[in-house]
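Before anything else, here is the set of structures, which you'll find just below.
Next come two complexes, and both contain chain A; in the first it sits with chain B, in the second with chain C.
What follows is the complex of A and B.
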């Protein structure tokens, strides 16, 4: 009996978005009287962070502090259109729509500032702290709060913008099957280090090395969180999760979530994650989607590591002690 | 069995309400008192997201019949932020990216509060054990463990100053 150590790796190419009949998302943005830019979206933040990313994209495009941006995900009856947050499409589609809306709003903002300051809009720039200033004459400028008030009460202007990103439908070419199903693809590789106990069949994942090419990581801390949380879910699928674990009789098996196995806080591997940034030409500030793909590569990486450790080739998830032991029996009789 | 008036001390305040027979502490907090931080997850004590402190001890409130804790002191997440200021555990959760969807967060913070109340200098293993009854599906747990250790460190650093200012 021994604890056998093995290493394995696996890679994933993952599409960003889809185009079943066209894939649009819209964003609307407007300034309040005090210069807060409200982004209206129907895209839902379920923890993946789309509100943060939308605010970052708007702040960057407007040239204003992120504190001047408020994201309102309202509801799908009254908001602009969004196909939904799935297919790892949110950052790409919504980010692009927000940038388009914010660019239109920025142009209006600079026009009003030009009127207020009696200069040409083309000579104005934003300084990122909330001021719109005359290039080369830093003392001539106006704060966004004063500008928004002036727009409302003096100039009768609405500082606002509309944005949409549409991935157009792409039908397959009948002869070849060729089509353009996604907008770009993200790539990743995970290497797993495992130990297999050849007496109990228990597999422990000791370390995961995650390398991700996601265009540009717009928020590196959140992207890391996505990668490592997703890898945890990959470990969970690889080693634990099933509604039908092996029992001699079904009625001995689990009936509810209390008996549904998942790794707990004591079962987590040490993770090392890094990003390779190769901005996508059609991505918002170069970003591709990173969501669903994060649970993918760890699973075959762990299967390969088990094979490396003990020679057992498993092709059915989860890689339970029972399956490992059956595999060892088949190898060694 | 008729409904009855139950009295609890919730986050330091005496609260009275009418509880239907068999009402859980969780349902009473959420539906009678409007305190919705504690979540109803599995409703069978397996996920920990309904955790609140009863006389300082973490309990899964979905399994507690509210009559059985009448008169006791209940602490929920709503009682953690003093005067609207996040406490050390909450701010460490923010700074260490220890949340994603947020559904487990209220329960995680309450078990962390109970841990740090009885052990101001926990080890990694102590934290893992403390949160082992709480399920998180997003983070992979590590950021939560790191956040609780960080909260403990911040609270220990603050403690001597509080003593000195008395």
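What follows is the complex of A and C.
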């Protein structure tokens, strides 16, 4: 009886956006008289962080601190249309819509500042501190709070903007499958290190080495959380999860988490993750959608590592102890 | 505040990163801004839809099919209606437009799924009657006391069995056990000539792969609270992943003007694709209108696991034409998506699978038939990466088996076949922004897998080493 160690690899790509496009999202933005910009959306935050990413995109485009941005989302009476949170589309679609809206608002902000300061709007700049200043003359400037008040009460201007992102729909050619399905592709490669217990059939994933090409990590902390969580889900899919354990038979379906297992703290492998960035021309600040992709490469990498460890080729998911033991029996009799 | 940060590589795509302003031009983008809802989530202050507690809230529970495939001979509500505090029991006759399919919004048809079963059930757990009661316990008790008499029909559970002549017909609205793609029995990819590739290949490898349904398993189960408003509108607090998609589908089922409905959501305890099917809001809205009081309908964990649509099981056959040096010159894929009893999002997922083939490799001859098949099981639908995740399991297992069969390094085999900028994909789109070569090279470095110089010098932007 032994614990057999093996290593396996997999490399994948993943499309950004709803397949075949046709999935618009809008953003509206306006400054209140406090100098705070409110982004109105109907996009949904499932925990992935779209509210934070929208605020970052707006703050960067406006040239203001992120504390000056609020996100008001997911009320269909007040937020403009969003197709939804799926297909690794939120950051790409909503991010682009927010950038477009914020760019329009920024142009108005600079126009009003130019009037207020009696200079040319083209000579103004922002530095992310909340001030709009004259290039080369740092003492000549105005804070966004003062500017927003002046815009409303003195100049009669709204500092606001509208944004939308739409990838036009593509219809596949039925004969050949010719189509334009995606906006860009993210990439990932995994090396999995496993140990297989040849007595119990239990597979333990010890380490994952993951490289992810994401276009741009807009928020490196949230991106790290997303890839680590995604890799966990890949491990879970590989080793544990199904609602029909003897598919296509319908019996033994779990009805709660006592029967539907997932990796607990002791089952989580050591993860070594690395980001690569190849900015997408159509991505918000170059970002690609990576939400879904990160669960994918670990599954075949683990299957390949199990083969490397013990010679059992598992062509059926999940890779349960029962399947490992049946595979070992078939090999060794 | 400190965060775990995976490092960002600065040795690849240096010029493109600089041109995009990385590292120089940005003050907020690229920095670890704290997730805006993190404190609320960890301190329990975040408000989810279930935190809405309007006065006179009624509860809805479903009576579900106890059979995989059966005709409904009789539904007896007598005992259920006698349960104290039961307000009303909805049947299909109460749903204005009982037949629907959610992707009709993007032109996918036909309508193939009843909100509440009419004369037949097509999977175990299919909703038949909705019990509305003043308490959750009374709704459960009422649902348990409904008596349905079935006449069993033969079920079919296997995708290839379902496609055989004479198999039981699962869904009459399609007329056959598969979705039809513009007159074709499946979504096709035809690129080059795979048969010619098999004829001249040094090796031909063919293997089969299979997955089983997987549950999205969000912490917060699917649900909504519908609150009738003084002006006659309905305010729907929902954990949907797509507010307007839910609003539009619900309005079509209710046959009301779209602006009668308002969805309030956006803070969701995990989705993973499980909350885009519009399965709770329409019936809860009907209940709220008929009972004229707020109604809550939320899945329990067993419903979430066995009734809520999972990731589809897939069966995939891959046949490859391979040369002695490892170059793949042809790939033929036959893929079956088990849609269960109804379309939901599976016709879309099957097309997405076709678009993903033959994986991230430059293969000059590709043939794929991707079938969306109906069986007598819980309808599958969206889940993280559907159409792609299981295909990747098959494709990357296949790559490993080819490498072993030819005694080649598995990473070199991938680098040799990896798609580069300018390659024409099987769906005839020119590849750009590719980076498969680089992620493979980086993992080789990280994991201590030695690659020869020629492979380390390969790039997604050049043909070097090919």
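Rule of thumb we're sticking to: the second predicted complex is superposed on the first by the 311 of 333 C-alpha atoms of A that agree within 3 Å, B and C clash if a C-alpha of one lies under 4 Å from a C-alpha of the other, contacts with A are read in each partner's own complex, and residues count from 1 in each chain.
Keep this in mind: contacts are C-beta pairs under 8 Å (C-beta built on N, C-alpha and C of every residue); 3 or more make two chains touch, one makes a residue touch a chain.
Please read all numbers here as calculations on a predicted model, not as lab measurements.
Student: Could you say whether A:103 touches chain B, chain C, both of them, or neither, answering first, second, both or neither?
Tutor: Neither partner.
Student: For the three-chain arrangement built by superposition, which of chain B and chain C touches the greater number of chain A residues?
Tutor: The partner making contact with more of chain A's residues is C.
Student: Is A:9 touching anything from chain B or chain C once the two structures are fitted on A? First, second, both or neither.
Tutor: second
Student: After lining up the shared chain so the two structures overlap, which partner does A:221 touch, if you call chain B first and chain C second: first, second, both or neither?
Tutor: both
Student: By the touch definition at the top of the document, which applies to A:233: first (chain B), second (chain C), both, or neither?
Tutor: Touch status of A:233: both partners.
Student: According to the stated criteria, A:266 is in contact with first (chain B), second (chain C), both, or neither; which is it?
Tutor: In the superposition, A:266 contacts chain B only.
Student: Would you sort A:258 into first (chain B), second (chain C), both or neither based on which partner it touches?
Tutor: first
Student: Once the shared chain is lined up, is A:38 touching chain B (first), chain C (second), both, or neither of them?
Tutor: neither
Student: Quick check for you: in the superposed arrangement, does A:52 touch first (chain B), second (chain C), both or neither?
Tutor: A:52 sits against chain C, while chain B stays out of touch.
Student: Of the two partner chains, chain B (first) and chain C (second), which one does A:300 touch, if any: first, second, both, or neither?
Tutor: The answer is second: A:300 touches chain C but not chain B.
Student: Output the chain A positions appearing in both contact lists, the one against chain B and the one against chain C.
Tutor: In the superposed arrangement, which is not itself an observed complex, chain A uses residues 46-47, 49, 221-222, 225, 228, 233, 256-257, 262 for both chain B and chain C.
Student: Going by the contact rule set out above, which residues of chain B touch chain A in the complex?
Tutor: That would be residues 42, 44-47, 97, 99-102, 127-129, 131-132, 135, 137-145 of chain B.
Student: What residues of chain A sit close enough to touch chain C in their complex?
Tutor: Listed in rising order, the residues are 7-15, 19-20, 22, 42-47, 49, 51-52, 55-57, 59-60, 63, 65-66, 71, 73-77, 79, 81-86, 127-128, 172, 174-182, 184-185, 187-191, 209-213, 215-225, 227-228, 233, 237, 241-245, 247-250, 253-257, 260, 262, 272-281, 285-286, 288, 291-293, 295-297, 299-301, 303-304, 307, 313, 315-318.
Student: Which part of chain A faces chain B closely enough to touch in the complex?
Tutor: Interface residues on chain A, with respect to chain B: 46-49, 221-222, 225, 228-229, 231-233, 256-258, 262, 264-266, 268, 271.
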